[in-house]
């Protein structure tokens, strides 16, 4: 039964909360067990795309249906949620020993898992909304549980944006309900196609608002950095890997299942693409560029990776918005791969934070000799993120490039290229300043993290390489999704993908890369053996170094580049929103003084007036 | 079995040939620069002696990441080499798309960056940070050019792009799209780190940047890596804009011409500051490349 | 803009210099009592002599005195002025000018290196130029360089003939 | 073919390559810094003999000490020398490195470089002209080719002696780890 997947985690959440009060590790163990159960039973569900479940509720004369169903798309998202939860739970068994709010963490985390599965299985607006709100509020508590001073403020920014968007969504849903008498997606889609295009487009744009916020797309991305930077270190991988993706899920639902693309099919087009889709793609492009430029500037590693998440979301949006088979497949590939490598990055950084207790990059250095496995995990993940073959990150970006070049979308392609090359810069910054360079004296005695924290990282490394060599595994499910949504499929085999103007064969590339590596290794090992010297014995213009701290280049790593964008970055969007709020409050204050002047009767009068106006509007519509 | 031996022989042959040719080109470049400066210059075979000497010297290492970086740098370029058609020699050039080649080259850069920063020398870090910033400068126009070419010929393999220019030499992209060829030439100079764009290896400023700690065999391997990188970049240019070649001799000749011209241009200019270099790349080459791309896609 | 004579008048009006002298064009030398010198420095700094070029020191062993010379320059008047004062050689202690010009700290370290003069108020008088110096400061006139060199370094032997002979 | 023979001839090949390709680190302490640019640039062009500059001691084979050495500088010079990789050679420039030169009675300059570092050869003069420098470096090339330039081995063999001399003038000496 589908409800099991939703309510078992939610029920387990309270058990975990109670047990965790007794034993710090119990909550995380329960989380891991529940997610393992979810993963196993979801795997058993594979291929059974006909399971549905529904409940009826009569309320004030309205008959409301709650519909749940499985399809390849929901299945993929549910499996991804369960899989990443296992790894995070395993990781947090040890890492939460000293975390004050660990019981609250596990409570909320399990509820989020349940509600996310609820979201992806939901087939009507009301179910979606209920679980969406559950997820939003629980994640709000998780983000504000971070120890930082700013955590509360970041969480408020997140909740205000999310809640505002969600209520707009609810309004649109209720409007559709009034017209059709049902919250179900199917009937809504029928109604929207039949309705006047202008109104349908407006409704769908409003419906997609909460998803845009959650995915961190350009004008509404301001919550991402602070929320990621301040969330508990174990929650960041989930926040960045899964919760951003759930926004993408929502957008796919809007685009395909609510037939947004069908409605705008015959509107004005640019290069064969409806202008509205192109605008969405352009939003993705702007997201890539802003995310990238801001990521390069960060000195806090979690914020840096958060901005990089924003920029990677841009790729996914571009691929979905241009709606070609290659674009969609590339997006879905990138979505999965981004989950994998971004979780790896966040887990590796969480391991570093666990040992050093800081997130400022310039306070660290040379950790590679103390934490080699963490370094290996980070290195593999950034190779994937930067899109360097033979890892999974390259494949998905390559497919997206193919899609863009096929149609000749020049400006989208420039943004994609920019984000890809600039990602070398921002991923190299933590590599260089945290893991390489001089080891700080206060970190001399750091040890590698315990075994239970190593296992998730190891698994993720293997998965990155596995999907890098055999993208066919992913393409299998993606083609099922494409088929389900009515998109043409892409030709693939286990280790190759057919693009628009060229093919990608990852096994071959993996082999040739190994060959090149072996030739270099042979050359290296035949030459004279070298002598190992310490890190402080480096060229320093003849002067001998005594303290490592002053011989580490870490602060403002890309200053010359940042200087190019100083003016732009000074005008941050956050400031813009804050000024806007301030002005709104001020004008509201002025209005109040002019109209109400503190008399209670006036307020009553205005309320009645407003009600009448609303009623009139509702009647007219 | 024989097939495997044949293939391995091919691997080794191409690797050795490119190393030798790259070192020869480096020697020629030193001679040209010397002649421009009214010097006699070192003998053409000087780089061979340098490499031989470096492999005979003692060396120090700063731990396994230092070793791994050097191996990854050389291995990355050798792997890239097999995807490029060199005249009639082409191992896997059918499969290798041109975007793949650009990104494979990044493996080598990443390896070198990792190894040298792993030495713990801040001058290496400064050099690498400059190199990465500059890379963002020149790769953007280059990728726009590739975008336009792939869109124009509807194939993304280097081999296909080369074949598309077959026939008369007027089909060469150099004559078909001269603006694009010029932009690519400027980018080529930037890629090879020649004079106006060499702030990342400024010897008297940051102690030769990325290679500051490399001596002995490490420097030797990086020299070999550099030589193969030169061949890859020149071969890409020749394949994309000069129509490739029938056999390896003509191909080498075309590469030599491009190399000599690039060296001559390089020896005329003083050095750009980093942000000025990026600004330059984003102003002129990128602007021209976008104009040309718009012309092609419409 | 003052000329040299105006400057001397200004000095005479506010202080009691022991000796005033115009060495040549744009170059003035004034000798003060040691009590007045720091005061004169800050006075001159507020009268456009903002640039402290250096502080130098002369050893007068016969008189048992060190002579400290502060070289100032004005970008308005275009005049170099040297303020001199003499302190007793034996304790060899003077006031610091660090509060007026922070850079004076380094000049004072330099003088402490080579003459052993101490500056009250400047507690960072560790070695600036010399390293591990154990002898009396090398620029004092009673430091016998020749003997020190003969003791410390070995001369090259040119067939039995030493370099110094 | 016995192993020694192979090893011997391999060493000869390396010596030959070494003599044709020398990267020098010019430690410019004195006026020698002025004599080197003409030697390197178009008038005299030392690069035609395969001699070129190196940026750091790791890449260098030859340490040129171009002028007087104060004790403070000597400490850094020793550190730099130890950072270089064998085979490595030291050449002293001008009278200052030979016997103190015009700084013969300075309390703070060393008088004989070869007591502290294994000098292959001196180039006399105050300063030596570029012709003299080139002549000296050519002789050094010949020494390397013949296997006579073995300073780094002498340094290893007489480590005690050199360290004693160094510590006599410098006190404690910071060495590479």
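To keep things simple, chains are lettered A, B, C and D as they appear, and every chain counts its residues starting from 1.
Following the convention adopted for this analysis, a residue touches a chain if its C-beta (ideal position, glycine included) is under 8 Å from a C-beta of that chain, and two chains touch if they have at least 3 such contacts.
Here the structure is a predicted model, which means the values were calculated and not measured.
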{"item": "Touching both chain B and chain C (chains)", "value": "D"}
{"item": "Most widely separated chain from chain C, with each centre as the mean of CA atoms", "value": "A"}
{"item": "Of A-B and C-D, whichever chain pair has more C-beta contact pairs", "value": "A-B"}
{"item": "Centroid distance [mean C-alpha coordinates] between chain D and chain B, Å", "value": "35"}
{"item": "Chain C-chain D separation of Cα centroids, rounded to whole Å", "value": "39"}
{"item": "Centre-to-centre distance between chain D and chain A (centres being mean Cα positions), rounded to whole Å", "value": "59"}
{"item": "Multi-chain contact residues (two or more partners), chain A", "value": "533-534, 536-537, 539"}
{"item": "Two or more partner chains touched - positions in chain D", "value": "56-58"}
{"item": "Every chain pair in contact, whichever chains are involved", "value": "A-B, A-D, B-D, C-D"}
{"item": "Contacting residues of chain D [partner chain A, same complex]", "value": "27, 56-58, 76-77, 79-80, 83, 174, 176-177"}
{"item": "Contact set on chain A toward chain D in their complex", "value": "533-534, 536-537, 539, 542-544"}
{"item": "Chain C to chain D touching residues, read off their complex", "value": "129-132, 138, 143, 145-146, 148-149, 152-156, 163-164"}
{"item": "Chain A partner contacts - residues on chain B that touch it in the complex", "value": "11-12, 15, 55-63, 65, 67, 70-83, 92, 95, 97, 99-100, 103-104, 106-107, 109-110, 113-114, 117-123, 125-126, 128-130, 132-133, 135-136, 139-140, 143-144, 147, 150-151, 154-157, 160, 207, 212-213, 216-218, 220-221, 224, 273-275, 278-279, 290, 293-294, 297"}
{"item": "Residue ranges of chain D touching chain B (in the complex, touch as defined)", "value": "13-14, 17-18, 20-21, 41-42, 45, 47-48, 50, 52-53, 55-59, 61, 84-87"}
